[in-house]
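What follows is subunit A paired twice: with subunit B in the first complex and subunit C in the second.
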Partner chain A sequence: MKITAPHLGNVYIAAKALFDGLGIEYIMPPMNNKEALEIGSLYSPEEICLPYKIMIGNYIQAIEKGADTVILPGSCGPCRFGKYAEMQMNLFNKIGKDLNFIVIDAPTDIGIKELYSRVNQISKNSRRRKIRQVGALIRAVKVMNLIDEIEEKAHYLAGYEVIKGECKRLLNSCKRDVLNTNNPRDMIGILEEYKRKLDSVKIDKDKNPIKIAIIGEIYTIIEPFSNLYIEDKLMDYGVSTKRRLTPSWWVKDTLLKPTKLNSLEIKRSASKYLSIGVGGHGRECIGEAVLAQKEGFDGAIQIFPLGCMPEIVSKAILPTISKEKDFPIMSLVVDEMTGEAGFVTRVEAFIDLLERRRKNVLSRS
Partner chain B sequence: MYYLGVDVGSVSTNLVLLDKNNSVVEKIYIRTKGSPIKAVQEGFKILRDKYDNIKVYGAGATGSGRHIAATLIGADAVKNEITSHAVAALEIDREVKTIIEIGGQDSKIIILRNGVVSDFAMNTVCAAGTGSFLDRQAERLDIPIEEFGDYALNSNIAVRIAGRCAVFAESDMIHKQQLGYNKADIIKGLCDALVRNYLNNVGKGKEILPKVFFQGGVAANKGIKTAFERALGFEVIVPKDYNVMGAIGAAILGREIAEKEGKTNFKGLDLASSIFESNSFECTDCSNRCEVVKLHENNRSIGCFGDRCGKWSNRVKAI
Partner chain C sequence: MIVGIPKGLLYYKYYPFFMTFFKELGLEVVISPDTNKGILDEGVKYCVDDACLPLKIFHGHVAVLKDKCDIILIPRIMQVRNREYICPKFCGLPEMIQNSIPQMPRIIDKPIYAGTRKKLYSWAKDIGRLITKDKSKIKRAFNFALIEQDKYKPGYNDNNQGLTVALVGHPYNIFDKYINKNIVQKLNKLGVGVITEEFIEETLIDEEVKGLYKRPFWTFARNSYGFAANVYREKRVNGIIYISSFACGIDSVVIELIKERIGNFPFMTLKIDEHTGEAGLDTRVEAFVDMLGRGVI
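Showing the complex of A and B:
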């Protein structure tokens, strides 16, 4: 069995750590690229959201590299994502490509027995002893947490760095170097080394850069290709960014969901404007916008794919927050037709808006 | 003391020369025709012939071709169109609260409060109602674009045209023509449809307060201006240099930065006689597959664009 999984930000690094640790062959699809999107758009229904199309591209490019099984986290329907697995299975049947799907759903949806049997489909391919398999899983989670931490730090420090571009360079070489080993222990070592390096990046504490919170639909904010590398661009502009939604946040949130103790701070902040879940991460988007304002950010950028239902709800609520709290929020919609020129113009203009607002406030007071 | 602003847009390339009071000394409006480099050079030729001995103390570039223009001329400021238009409008009148800007391919709304941009929006899905669509319709009806707006003013009854999509608007216009409506009424209907489309899409949810400035090439169209006034219920002001406002803003921003730095990067008006060449290739070093454009001046490479990692664009900067 040769396993693959669609891209979602840096999850491929953790996936590699997991399957290397289990001793199962893992085929990493080529990093998201135009070709993957073109393939995906060719096979997907036109109205489906962008993540679906990119994922189809990932599968087909992975099949070309020899993959025969895909692992996909399911979610049984908080938004269209809940239908992805079924639709994709159907699609591959239709186009006559052999691809076995293993969908990991929450036990509340499919029962603990079914979940166990699905996980077993994967783990039975591992010749390692059970205890070592558990060890591989723990290390993979550690890898995921580490890379998320590193990324968060780099995005935030980019506004304070003395040598321009240092954080971005470190982050990029970290992502490159971590793939050079097949030993999860070494991966953790490399990541910890880069974390230390980031801690010793020369920073100017008096800088007070523009700070922007990135909020919105989880796939399009985590997966840089889908948002035209907005976080990289903001690093180039010397803007500090913060994004609460990360793969490690998602795992924690999903595990805690049955206890209703997940993301309490976000839910509490959202309650004044949106007190119930509207699917996807619509409520989180609202909560994050309120939190960003409270934490002294200059503005927020909401990103979501065209046709995303939960985020359309939050998009309609955001202007109220923006007005009541005097907090600029810009919404950006992405799909395969998004032109880079107009996208960049909006982002640049938004940064200018934040900068000039600040100057104006200072000159008036 | 002169300052230069260059706005390379989809349809036109505009150059302005400002004096030390930021008043316009010269404005040049050239059709881009798909070759931004040539258009900028052409503009420089006109400037050089007229103002041979002047010294430019700061330069700025804006428009969708701002990056290529900036590399070409050595601009001090490279700014997006939204900021440039806002800066130019505020220079004329600090009281402006709304800017309607309709150019060749973009339409934008900029909301200003207390002299700063507080919100903005751009057309996302369709280019119906922008300059290039009007251009095409004028051509189809065999009316010079300069007279297009006057036709609308001669009509009393507007024919209702579906203005949401450029293609459907055109078929609807043809349909109405075949039914026998006269040109003036159809043009007036088109103006109304485009304004309706603008206010419902770009201007959706935005508080449009007077004073309203109407900028960009389409502001020359009196039919659209009156349609806006009718829909909004108050006066819409078209500033004197409405068609080069972006370039004026760029010049002012270029001046600000050049004064702050104490020097300018401007390369001089002589680049009119340089030979520029550009070639593009797909970088295959990683799976991003960036399309990189390389720009050469007299066989010397002066800039690269389009790469994400900075490998190409930084290399030239280092030289």
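Showing the complex of A and C:
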């Protein structure tokens, strides 16, 4: 069995750690690229959301590299993501490409037995003993948490760095170096070293950079290709960014969901404006906007794919928050037609606006 | 007190319940007029532009109604069957309205879970209490409302013409004649009868959806799929027309699942938004009927 999984930000790094640890061959789809999106759009219904299309591109490019099985997480509504797996299976049947799907759904939907049997389809291919399989999983989670932490740090410190571009350079070489080993323990070592390096980046504490929160639909904010690498661009501009939704956040949130103790702070912050979950991460988007204002950010950017249902609800609410709290929020919609030029112009204009606001406040006081 | 009920979204399916309930509680009920150009324009003006047509139209209904009533029903219908949803936009409907339309009167926005009678009653109790202290009155109003709802049988079942098509889609797209440009009448004029999902038994729909890999978790999508699959399998109709709104995330999925199921069976999607012209739609319907007619001979 040769396993692959669709791209979502840095998850491929954790996936590599997991499958290397299990001794199962893992085919990483080529990093997201234009061609993947083009292939995906060709095979997808026109009005399906962008993440679906990019994922199809990932599968097909992974098949070309020899993959025969894909794993992906499932969900049971209310949003479309829950139906992805079924539609994708139908598609691959129709175009006659062999691809075995393993969908990891919540036990509340498919029963614990079914979940166990699905997980077993993967683990039976590992010749390692059970105890070592568990170890591999633990290390993969650790890798994921580390890379998320590193990325978060780099995005934030980019506004304070003394040597321009240092954070971005470190982040990029970290992502490169960590793939150079097939031993999960070494991966952890490499990541920890980069974390230390980032901690000792020379920073200017008095700098007070523009700070922007990145909020919106989870795939399009985590997967840099889908948002035209907005976080990288903001690093170049010397803007500090923060994004609460990460793969490690998602795992924690999903595991805690049955207890209703997940993301309490976000839910509490959202409650005045949206008291109820609307599927996807619409409520989180509202809560994060409120939190960002409270934490002294200059503004927030909401990103979502064209036609994304939960985020359309949020988009209707955000202007009220913006007005009530005097907090600029910009919404960016992305799809396969989004052009680089227009996108950059809007981001730059938004940064300009935030800078002007600061100057006005200063001159007024 | 005057309560306003906007004639949009699931109004077409559940108005007897709401109307009877409020009337029995002694309120005066006002309803917005049938959808028209003015209502659509109001909706387009207020609603976020990324939304689908039915949602924009609902905004329009609220806008023309808001000054004519003291309190307005923005039904946050979360569920009509257990463990299923309708659409993410329904869950956030009151928030969308309140943040988009200025100077709203008081609104009724309490989530409605209608999966069981008991759950629905708890909604009725809470709303009733805003209006009267008399508990038995609320109970009576609720019971009456359910009886009226039960009596109401919307939908079409006309297979006495030469050809028959199944009309599939969300209830508001099927029943709002402004949205669908009066398609039923058009089809009848062409000698085509129409049937809708209301006339297929629940058990048959259940039967069909069992074939899916994943439990369908949107009620109306489940109905649409089950209905289409059933009329196809039992050859009850000559073709299927799906009325869909642009930017409807649910339809984009259901249409794929239906196509997958019915293969080459005659199927047409009519995608509608505020720019859809009547002439273009006519042409497509006529062409489809033409094709079906040739199939018969």
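Here is the rule we go by: the second predicted complex is superposed on the first by the 365 of 365 C-alpha atoms of A that agree within 3 Å, B and C clash if a C-alpha of one lies under 4 Å from a C-alpha of the other, contacts with A are read in each partner's own complex, and residues count from 1 in each chain.
To be clear about the criterion, a contact is a pair of C-beta atoms (placed from the backbone, for glycine too) under 8 Å apart; a residue touches a chain by one contact, two chains touch by 3 or more.
Note that the structure is predicted; figures quoted are calculated from it, not measured.
Visitor: Are subunit B and subunit C a fit on subunit A, or do they clash, once the structures share the same frame?
Guide: fit
Visitor: Which holds for A:Tyr229: it touches subunit B only (first), subunit C only (second), both, or neither?
Guide: first
Visitor: Looking at subunit A, does subunit C or subunit B touch more of its residues?
Guide: Counting contacted residues of subunit A, the larger count belongs to C.
Visitor: May I ask you to decide whether A:Glu35 touches subunit B, subunit C, both, or neither, giving the answer as first, second, both or neither?
Guide: first
Visitor: Counting only touches as set out at the top, which of subunit B and subunit C does A:Arg357 meet: first, second, both, neither?
Guide: A:Arg357 sits against subunit B, while subunit C stays out of touch.
Visitor: Should A:Met89 be classified as contacting the first partner (subunit B), the second (subunit C), both, or neither?
Guide: second
Visitor: Answer with first, second, both or neither: which of subunit B and subunit C does A:Pro310 touch in the superposed model?
Guide: A:Pro310: touches subunit C, not subunit B.
Visitor: Just to be sure I read the superposition right, which of the two partners does A:Val333 touch: subunit B = first, subunit C = second, or both, or neither?
Guide: A:Val333: touches subunit B and subunit C.
Visitor: Which partner chains sit in contact with A:Thr320 here, subunit B, subunit C, both or neither? Use first/second/both/neither.
Guide: Touch partner of A:Thr320: subunit C, not subunit B.
Visitor: Here's one for you: vertex at subunit A, rays to subunit B and subunit C, all C-alpha centres; what's the angle to the nearest 10 degrees?
Guide: About 80 degrees between subunit B and subunit C, seen from subunit A.
Visitor: Is A:Gly342 touching anything from subunit B or subunit C once the two structures are fitted on A? First, second, both or neither.
Guide: First partner only, subunit B.
Visitor: Nearest CA pair across subunit B and subunit C in the overlay: distance in Å?
Guide: After superposing on chain A, subunit B and subunit C come no closer than 6 Å at C-alpha.
Visitor: Enumerate the residues of subunit A that count as touching subunit B in its complex and touching subunit C in the other.
Guide: Dual-contact residues (subunit A): 319, 333.
Visitor: What residues on subunit B touch subunit A, complex-wise?
Guide: 64, 79-83, 106, 114-120, 122, 124, 205, 286-289, 308-310
Visitor: Where on subunit A does subunit B make contact in their complex?
Guide: Answer in residue numbers: 30-35, 165, 172, 229, 232, 319, 328, 333, 341-342, 344-346, 348-349, 352-353, 356-357, 359-360, 364.
Visitor: Can you list the subunit C residues touching subunit A in their complex?
Guide: Result: residues 47-48, 50-51, 76, 78, 84-89, 91-92, 95-96, 99-100, 111, 212-215, 217-218, 246-253, 255-257, 260 of subunit C touch subunit A.
Visitor: Under the stated contact criterion, what part of subunit A meets subunit C in this complex?
Guide: Within the complex, subunit A touches subunit C at residues 45-49, 74, 76-80, 82-83, 85-87, 89-90, 94, 109, 273-274, 276-280, 282, 306-310, 312-317, 319-320, 333.
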